[in-house]
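Right, one structure below, let's go through it.
Chain IDs A, B, C and D follow the sequence of writing; residue 1 opens each chain.
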Amino acid sequence: MNPEEIARFMLEHDEVAKWLKVELFEVEEGKAVVGMKVRKDMLNAAGVCQGGAIFSLADFAFAVASNSRGRLALAISANIYFISSAEEGEYLIACAKEVSVGRRLGVYEVEVREKETNRVVAKFTGEVYRKQEEVKV
Amino acid sequence: MNPEEIARFMLEHDEVAKWLKVELFEVEEGKAVVGMKVRKDMLNAAGVCQGGAIFSLADFAFAVASNSRGRLALAISANIYFISSAEEGEYLIACAKEVSVGRRLGVYEVEVREKETNRVVAKFTGEVYRKQEEVKV
Amino acid sequence: MNPEEIARFMLEHDEVAKWLKVELFEVEEGKAVVGMKVRKDMLNAAGVCQGGAIFSLADFAFAVASNSRGRLALAISANIYFISSAEEGEYLIACAKEVSVGRRLGVYEVEVREKETNRVVAKFTGEVYRKQEEVKV
Amino acid sequence: MNPEEIARFMLEHDEVAKWLKVELFEVEEGKAVVGMKVRKDMLNAAGVCQGGAIFSLADFAFAVASNSRGRLALAISANIYFISSAEEGEYLIACAKEVSVGRRLGVYEVEVREKETNRVVAKFTGEVYRKQEEVKV
């Protein structure tokens, strides 16, 4: 079971990621790059991409990166700075990388950027608790 | 335009909240209580409610509470601790309240609990930047 | 070894808390109230209490509350919102309480207020990893 | 008034940074590298460097980086992951860099590493509110 297989499995079984139509671009041990297009049905009352949708994209990149080594990893906390808003039709790329990984805990950072302009949309940091069991595929 | 009207408008125009079928229970200045049922299409690859869905519920309570005074408030950061997982069929209640509100910034905390058992599912804190303009309804 | 004894031991052996002259007001399982006076040698270049000093006070309340049950607890993350500044001569009270405690992890929230005016100075949330061993006193 | 002059001024007038004997290694617009040696009087009851001391070092790097452009910047929030502990005698380096800077807000990330081993000790993210006034030197 390699990082690529784990990522495919996670994408196929994560209903929110499927609803967002998240695409997988790159995955290796401790790293993941995913993206999604901002659709009309992701907007909030202010007419821009809802914070929860941006969080969910970053969170999914974080989940793939933290599970990529084969040990089941559960998110225990996350922190997000919303830096610029994203409009309908824009494409967001979330790039997650490992800050550290230990026996029980792992910390990851994720940057979300708009593809065309490359501007930063959000900065995310998160921690996982690493279970004893393997990721079940 | 009172807190109740603002909340109704936000719920009707927030596409993610509508997808989650968020229900509004209570709203007053600086406070909001909302809820949602965990559905099959909110689960992640581990078979429990996806973190992004829990975040989105808390974030919506935060948005309603922070816009309830009539000044447009944009989320600039949020922090979430995922404390226990939520299963399909469970009902989550998010209660947001104001920690502080100033001329430009406001801080809110949100507790997400499972309705039946009352166990804590997540603890969220977030900050908004308060624009000069009114919430447009 | 009760919460009070653990708290006394921690205060006597925490060099930063001693430098800040932190005072212990209340401690019970999962809860701690501590305070300190803002001194001239705690100010930053802007002439108000340095963020690190405010964080340290909140962090100490968090440490006492999370170790109060007798199991050694190590801080793994913390989040702080700086809400109002504190002036030289003011007295800050930090009140920590348990949001949740499990086999391995615990989440705590701390509110820092100025004693005289009761205004909120900071809002802190933190997580600990609970070791197998007891707090050594 | 250049970044170097601002940093020197901040170091000379920040009492906590002076107590920690923080050293300035590098500063440019939006960036700062500072360090300190872990002393006996920075340890906590568990015998390792106190979390508040590590936070204060990261926070100072954040303050220098965010004020380096000459506009007065006040910390409004910060998030820290404590990744490994630091022992007496070890030397910590905090490197702060700008994630984004706008008219009113700026987001910075700081990595704290131990100099000899290069292991990550903490990962910090923080946000500032940028005042209209200049940094007063």
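The definition used in the following text is that a contact is a pair of C-beta atoms (placed from the backbone, for glycine too) under 8 Å apart; a residue touches a chain by one contact, two chains touch by 3 or more.
What you are looking at is a predicted structure, and each value in this text was computed from that prediction instead of being measured.
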Touching subunit A and also subunit B, the following chains: C, D
Chain at maximum distance from subunit D, centres defined as averaged CA atoms: B
Separation of subunit A from subunit C, taking each centre as the mean of its C-alpha atoms, in whole Å: 33
Whole-Å gap separating subunit A and subunit D, where each centre is the average of the chain's CA atoms: 28
Whole-Å separation of chain centres (CA-atom averages), subunit C against subunit D: 20
Contacts with 2+ other chains: residues of subunit D: 76-77, 79, 81, 127
Pairwise touch network: line, ring, star, complete, or other: complete
Sites on subunit B touched by subunit C in the complex: 79, 81, 83-84, 99-100, 102, 107, 109, 111, 120, 123, 125, 127
Touching residues (chain side subunit B, partner subunit D) in the complex: 76-77, 79, 104-105, 127, 129
Contacting residues of subunit C [partner subunit D, same complex]: 9-10, 12-17, 19, 40-46, 50-53, 55-57, 59-60, 63, 72, 74-82, 85
